[in-house]
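The following pair of complexes shares a single chain, subunit A, combined with subunit B in the former and subunit C in the latter.
Our next item is the complex of A and B:
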């Protein structure tokens, strides 16, 4: 079955773009990762695994993975629980349903850069003009330097809330789709058998039926946490207090112009994402037929 | 024509609209490529003259962009296309210098990797004849391996700005040592006005132009990040004391943190959020507008009365010529014409829009705006206390030292352990450069 000319007419440009802007750079990055490439994107000297060894020594790259771990530990469960909770509520309400769904989904259309700047300059501004500080001042609380305070590290609150605001809507939609796939007969049968509405049906019917969706949400969330860049870059820039892998690699490649180490770091990160995804699939059985 | 293609209804209205749409998309994509600089026919738009591409970052002062466009139009040997870059100029320039579509002439600061990788060309032949008209710090900042690689176009520097009335009310003098600064900061922290603003990062984390004190903390302790023979200079006892004093300042609770803008913007000072601020010369007009004569300036204080001396930085921008310029000689000629021969443009660029020091000593000494009051103090402090950045200090070295300083000053980390980590990273970089 050959593809029609129309297929190539429509798909050709996208496939060409994919090859040119995605696969070729990945392949080139793989080559560079085994070379010294300072201030050049041409492989200058083959160094074998040295770039990888350098990065995996105790230092800023491993620290950045630690930052990712903290971020993922905060954001993945929070996003999961809140999006599931809000999806269940949105699935049940009968009044202004479209409005509420739109209200939660709209932030996903907002740019991370814009949201980060609003968070930084308006809401979590550390002086008396900041919204959060103005609210706190009503309760007699002194100004908090949200992004500058190290003890306690309030910047995590800023980072977590901006991402939650931006991405909750997307995961709510996924859960809503999952919830709407659950057959009402299951609940009816449970009620006939004496199950109580609420936690009992949620625990024994809704959650198991959402297994596939839940795994997808966890997986996408975790990958998104690995790829965290915009909010860290715009809120903290090159701060060792919280510098996730992509921010570290950005500065390695763009500021230091060290494309060898930058490429090696990108390869390590890609390998980690693949490993975690495969591991998660194995644990949760993503893709296996539902029982 | 292949058989399958004959199925396409080539003569329908839909096909016609599709083709028009495709052509439109092609046109739009071509437009994304930028101005005519992307399609240089060699003829340019100036009647057969060659084209030069000149890149600038975005200067905050209004009128500057129009000024550089005007200067460019005055050059008659080539059509000069000025590219004004808002946002991340550093990244754009890095990418530009790697490709053939980058600038011919650009402004930046010299660093060793640009030289060693052959991205820029020496400019000894154009700077050499007027070398004595530049300060030693300017020549140091633009030289490496015995050659001069750039022409300073703007000299900038920084000061500790203070409100005279607030210091008088608190009974403190402008500080000259770190202990005096810490005490003054504490004494001035009252009535909702913090004592001092040195950036939201306490001066040590390179975020959005931050890390303002990373060099100063060493210079005012009588050392530098690298010694003259390119060894690690930040592990001396004095450097450790200096970081310790900065930590004491950061933990005093009297520093302003969390301001909407950073140390380079005078808003925190002019909005009376802090009684003192470390800021640049460029901010002086706005500060004068806000406070009239009720402000003064000093350099960053010495570590103590007996160790180190007050210091400030030599900042600003340097014009360089890309080794990939299509006509290197022409690009050099343009740089010479604009930034060496054209004294009027240099004075206009430095003093008519923002507030900077013209790098040519002959110009700075006769510039009317630098002759009296606080501006004259600024020129004196610059000449006496400005320290040139070391081109051997690479971004990776800076990042390693900044991480250590952040851990020490903001995180309360162990000074010896953190500096040892930074030393290891810097020595690895030095070894790479030596190789």
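Our next item is the complex of A and C:
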């Protein structure tokens, strides 16, 4: 068999699927986004940019982008710092490293649905028996309604801790792999040159050596925050307190069956993610071969 | 490495132990509540362990017809296995073609695949739902499984992996008279089982845990997956707390088993590829 038939044999099924389930949907959605399409996935009436204009008015869609921004501003730095810290700690110990690593990694097995369930119905249950309220009551603090309190917005604490619990282990492993690729000789050389162990070697050797891993962690983390749906849906449902873009889109497309606006929203989100990825690429050179 | 002073070693372990307790706490809460009565869960005086373990809660989860939990478990198992086999098969072959089979338009095709990585699958759920509903696949297994089989990311990872596969092994196969398909199946795959295992484990976990897509496509309760069923239990008008926690506990058992037995591949996969389950 020649190379060309072989190529199609190996690549064809995959490519056909990609066309049918990625490119075609996006193209269809692009067309729909300029049309009115209520209760139907057929374009009904060409409305030009009206769907986009509607979405970009002050309203739930713009609020959802704002929700994402707040969420990313909380979760991305926290995940970065905590996973790096725990990975460094793990890398410094010799006994029981595998045990600790497994404990941090185990939550990765849980879904956001399961974690939201534990958070909502057990830890941050707003009534007396919720674990957080039980602990606080030991200090004489009144019950806090974690998920409905607006001032202060305690629901962010609930949303952030769910995600940290679920994804820290994954990023810890990434950092740990990065740390173990750093040659010990670099540290030896630094000691010889008089660098103090601790902050100095961390600042001038560890961090620069982790550059590729760090960029990957930040980017993956940002994209994961952008895709947030499961925990918001299960913790807050359709609450206007914090409705990230996908939750907004879900209710637009599923409950209202408004595919024109839903498609326009999907197009705006796709454009944003492309911009962010290109921008990141510019800034950090993510994706270039490791040097 | 230099030796650290003793107080520093103690401090490190203390920090790790505190973190471990926090990481394991939710598992303990799930277990405790799953084996309690509702009265004990909501009791004013918090107890560390239930006074008597309510193993009857297991049967209760399966007897409640509104949650359809047994069916949901079967659905999830079938979907997770089918999705994993399909994804690994399709993307390993595509990755091999991109890495090894000379073809004039391979580069533009590779870029077309890379382009799909830029748009996260979650952003395309409205467009994909439109196609699936046109195909009449809403409320069907193929509607939940097929559209997510074509992972550009997994194909990309396989390509990167095959680029580093030792060419001499393939040459040996070619000399023995094998074509591309023969070389792939008899030489490349058997010598790459570790990588295949890593990708499979990651795919199984993400397939089992996915929520948005099965929620959108599997609208009928006979199509619910475990995650959709759990979400329904959690947001029901009247919540049986012990039942919800027991269902959650049952839902993580398969994955915890995967963790215990296949963690080596999982860690290797994450470390090598940096992808999430």
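By our rule, the second predicted complex is superposed on the first by the 263 of 291 C-alpha atoms of A that agree within 3 Å, B and C clash if a C-alpha of one lies under 4 Å from a C-alpha of the other, contacts with A are read in each partner's own complex, and residues count from 1 in each chain.
Everything that follows uses one rule, which is that a contact is a pair of C-beta atoms (placed from the backbone, for glycine too) under 8 Å apart; a residue touches a chain by one contact, two chains touch by 3 or more.
All values reported here derive from a predicted model rather than from experimental measurement.
**Student:** In the overlay, answer first, second, both or neither for which of subunit B and subunit C A:4 touches.
**Tutor:** So A:4 meets both subunit B and subunit C here.
**Student:** Between subunit B and subunit C, whom does A:254 touch in the aligned arrangement: first, second, both, or neither?
**Tutor:** both
**Student:** If we overlay the two complexes on their shared chain A, which of subunit B and subunit C does A:263 touch? Say first, second, both or neither.
**Tutor:** Second partner only.
**Student:** Report the partner of subunit A that touches more of its residues: subunit B or subunit C.
**Tutor:** After superposing on chain A, more of subunit A is contacted by C.
**Student:** Under the stated touch criterion, which partner chain does A:237 make contact with: subunit B (first), subunit C (second), both, or neither?
**Tutor:** Both partners.
**Student:** On the A-aligned overlay, A:192 touches which partner chain: subunit B = first, subunit C = second, or both, or neither?
**Tutor:** Touch status of A:192: no partner.
**Student:** Touch check for A:138: first (subunit B), second (subunit C), both, or neither?
**Tutor:** Touch status of A:138: no partner.
**Student:** Which of the two partners, first being subunit B and second being subunit C, lies in contact with A:128: first, second, both, or neither?
**Tutor:** Both partners.
**Student:** Is A:102 touching the first partner subunit B, the second partner subunit C, both, or neither of them?
**Tutor:** In the superposition, A:102 contacts subunit C only.
**Student:** So subunit A touches subunit B in one structure and subunit C in the other; where do those two contact lists coincide?
**Tutor:** 4, 6, 41, 121, 127-129, 237, 254
**Student:** Can you list the residues on subunit C that touch subunit A in the complex?
**Tutor:** 1-2, 4, 9, 12-13, 15-16, 19-20, 23-24, 26-27, 29-30, 33, 41-44, 46, 90-91, 93-94, 96-98, 101-104, 106, 109, 112-113, 116, 118-120, 122-131, 133-134, 146-150, 152, 155, 179-181, 184, 205, 208-209, 211-212, 216, 227, 230-231, 234-235, 239, 241, 244-245, 248, 251-252, 255-256, 258-259, 263, 266-267, 270-272, 274, 276-277
**Student:** Subunit B touches which residues of subunit A in the complex?
**Tutor:** Those residues of subunit A that touch subunit B are 4-6, 38-41, 59-60, 121, 125-130, 143-151, 236-241, 251-252, 254-258.
**Student:** Applying the document's contact rule, which stretches of subunit A touch subunit C when the two form their complex?
**Tutor:** 1, 3-4, 6-7, 9-11, 13-15, 17-18, 20-26, 28-29, 32, 41, 86, 89-90, 92-93, 100-123, 127-129, 131, 134, 165, 167-170, 173-174, 176-177, 184, 187, 191, 197, 216, 220, 223-224, 226-227, 229-230, 233-234, 237, 246, 249-250, 253-254, 259, 262-263, 265-266, 269-270, 273-274, 277
**Student:** Using the touch rule from the top, collect the residues of subunit B that touch subunit A in their complex.
**Tutor:** Residue positions touching the partner: 2, 4-5, 7-8, 88, 90-91, 94-95, 97-98, 113-114, 116-117, 119, 192, 200-202, 205-208, 210, 256-260, 268, 273, 394-396, 399-400, 402-403, 406-407, 410-412, 421, 425, 432.
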